[in-house]
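Chain lettering (A, B and C) follows the sequence in which the chains are written, and residue indices restart at 1 in each chain.
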Amino acid sequence: MAGVLRSDTGKGLILSAPATLYVGLLVAVPLCILVAYSFWTQTYVEIDRTLTWANYQEAFTDPLVRHLIIRSVAIAGAVTLATVCLAYPVAYFIAFRTKKKTLWLLLITIPFWSSYLLRVFSWKLILGFNGVMNSALISLGLIQEPLTFLLYNEFAVVLTLAHAWAPFAILPIYVSLQKIDRSLLEAATDLGCSKLERFVRVTLPLTVPGIIAACLIIFIPTVGDYVTPALVGGSQGKMVANLIQVQFGAANNWPLGATLSLLAMLSVACVAILFVVAVTALGRRIR
Amino acid sequence: MSEQIIIEIQGVEKRFGSFVAVSDLNLTLKEGEFFSLLGPSGCGKTTALRIIAGFQDHEEGEVRIDGRTMGEVPANKRPTNMVFQSYAIFPHLNVGDNVGFGLRKSKLSRKEIKDRVAEALEMVELGGLQDRKANELSGGQRQRVALARALVMRPKVLLLDEPLSALDKNLREAMQLEMRRLQQKLGITFVMVTHDQYEAMTMSDRIGVMFAGQLKQVDKPEVLYSQPCNREVASFIGGMNFLDAEVMAENSETLEVTVQGFGQMTIGVNPNVQVHDKELLVGVRPEQLEISAEKPEGYDACVQGEVSDVAFYGESVHYYVRIDGLPESIAVAVPNYFHTVDHSRGDTVWLGAQSASVIDLGKRETLGGDK
Amino acid sequence: MTKAFRIPWLLVYVIAYLVFLYLPVLLLPLFSFNDGTIVAFPLKGFTLKWYAQLGQQDTLLQAMVNSLIVGSVTALMATSLGLFAARAYVRYRFTGRELSEGLVMLPLVIPGIIVASSMLVLFISVGLKPSLTTVILGHVFVALPFSVSIMKSAFDDFDQSLEEAAFDLGESVVGTFRRVTLPIVAPGIVASLLVTFTVSFDEFVLAFFLSGNSPTLPVYIWSQIRFPAKLPNTLALGSLLLMSSVLLLLIAEYFRRRSTQSSD
């Protein structure tokens, strides 16, 4: 035993055990309980512990649930696409066009250390009917009547989240751009590529890992986002997390809430895996 | 150098999984000796040094320092100190605190520590730099601080892991002489690991040459040069032309041989060679061959050939001469006394060799036998 | 050499993007000084009264205290767990290292609502009533990836022969940790404490589910957002939080840089 403790494996396992166990237990145990709950039912204040598929039946037959899950995935997809597309040029700029990289990275990240809740709230104030945007445009004389399409719809949700996730897209893409050996780019030019060809054939393929990382780290949490749809989504922009919250809160139907959580997690996992498989396959075909 | 034994290593073996890093290491070092472990990277020399320091455990064998068996004695309780390859200067401490780091554990008073630190810094010619910050030091200064920090502990043995490899060439050469002087003044045993043959030769009393975890030969630099025990050692210490030879007759002191290309000669038996055979390998140092346009007088063997390449090194000129019947060109080094390059490619030249400069390297190994 | 002037489109885009990033963040402070209850242009005039009113609200102060407690305890716990784990990942090659590293980063990619709901269910099942304790347990979970990655980069730049040198000079294992390892990674520890504190201080969804009758500051703000009359106060509070978060993070960044620069 003493020998094991003195070996690298022993020391490594012991030092990392508290963190591993903490996260491991808090992932595994609640998941099991969630699964158990999803087979139970709620009768007023009591939990009925007879196993039943009732929650799943309800979830699958209720068009609202299906609609919300599909909309959550769709909005998350749109958010991911918008965030990555908007962020890529910025990452490119920091990696290739400026010497003050750390300053720019700091500039990009500072806004995101303020409360997420407050940033979303701020968007609500900006986009509202009597909000900052409308009042500013009216003061400038650009419009006569306040614009109504700004708030309480999918657009507001996508815009707000594209803002909220910006550094999570910029940083991984920046890292993969930064890793590119500059002589590869010179080699491409030397072999006759124009700037655009060079970007499409060398730079972009080499940043695919960063893009995948950015997509996953944005897409997964977005499907389960609660604050943004609640504040700026209105009725059109509601997502599955809002329904889950209602089940654990006002509706007080925990078994259904548990079922919805599991279904949301499952659909996230499916889409994420499909995405990675598709991108890898696409990458192979391009080469 | 006294005759007192300071380090005794017997049958030490270290394996990493199935890889044998050090196998059956036996070594005895005397007090006040400057010893170098020389070998290519990955030969196990650093592992051997770390075993002496106590940073690396070992499976078999025994290490004794100053008469004490080290066994389970941890590195912080051994009478050895180390100069690390990276120098390991503590970045959060100034020079004085770096040098005095180990003395804090001793029972010395503040004043005594201060004096010892000052003295150690004087010794490495950094007197008065106590308050200099670690990140304000140049490479050479870091090396000196590392040296002072180890020496201030007054170790029985100072271990040095490639101490000069991080320095540029001129500084390295100056430090070689300086460290040698310091070692002789202090009379402490130095054990240095290096892959640089010139560094090992200029600094050491004795050198141990290691290949693939095995200590092949331990000798004074001049013996390693004149009587290397096999082909590996011969090629690692200086340049060498290798030639096949056949033993015609032998006695305890001399061998009657026919050397490929050069013909019959009588050469001395190399006492460091373990196995002799009819199929012999011999070596000739490039600097010990004569090259001239006319057949040279007074040489035991002469052979004609054609210059295939000329390389100008500044202090010497190397000619590569192709000789009929030899698989590889023979290298000849000529000191550049008169600023002339006497032969050019394609010239026909004569090579002359003295039998005293032909070195017996023992049994010829078939290819792929001993690396 | 003359060169035709070309509009640096990329730079223009990046600056526009920066405006987009900073717009919502700078808006709150701007309107928090506005002497009016509606958040719209034109501005009415400068006032500090919204800030002054904050001091009189007891529930707000209680929420602030709650958040400070939760943040501090979370920072301490997450940083200690992260310190040891990061040291293990950087220093030792052991079976299960990659699995453990991946697992510890997992909280970053689990949707917040799922973490929140599953933890609520767990804590109720084991008989833990929603309270500050449950919030802390949840926050340590989400803060851990931050602490581990900060501590990992601190240890990454740490030359292992420094510890060996200390040991070689006669220090004990504990002494080596105290006199060499700790001082050198100290900036990393401070950075980790500040970042994990901020993560906890700003976290809403978990706290919303797990705090029960003792709301943290974001939960309090959530309850205030509904009331238009309270809007200016909320703006003032939000601005204060914003500024303190940014300040803390700048300090953390300073320490993180020191931790990576000092050991070369």
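The working rule: a residue touches a chain if its C-beta (ideal position, glycine included) is under 8 Å from a C-beta of that chain, and two chains touch if they have at least 3 such contacts.
Computed from a prediction, not measured in an experiment: that's the story for all the values here.
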Among the other chains, which touch chain A and chain C together? none
Per-chain Cα centre nearest the global Cα centre, belonging to chain: C
Taking mean CA positions as centres, which chain lies farthest from chain A? B
Centroid spacing, where centroids are CA-atom means, of chain A and chain C in whole angstrom: 18
Between chain A and chain B, what is the separation of their C-alpha centroids in Å? 60
So, what's the distance in Å between the C-alpha centres of chain C and chain B? 55
In the complex, go through chain C and note every residue touching chain B. 159, 161-162, 164-172, 175, 179-180, 183-184, 262-264
Which positions of chain B touch chain C when the two form their complex? 53, 55, 74-77, 80-82, 84-86, 88, 90-92, 101-102, 105-106, 135, 149-150, 153
Note which residues of chain A are touching chain C in the complex, please. 8-16, 18-20, 22-24, 26-27, 29-31, 33-34, 37, 86, 89-90, 92-93, 97, 106-108, 110-111, 113-119, 121-123, 125-126, 128, 130-132, 134-136, 139, 163, 166, 216-217, 220-227, 231, 241, 244-245, 248, 254, 257-258, 261, 264-265, 268
Which positions of chain C touch chain A when the two form their complex? 10-11, 13-14, 17-18, 20-25, 27-28, 31, 38-42, 81-82, 84-85, 87-89, 91-97, 100, 103-104, 106-114, 117-122, 125, 137, 140-141, 144, 148, 198, 201-202, 204-205, 208-209, 218, 221-222, 225, 234, 238, 241-242, 245-246, 248-250, 253
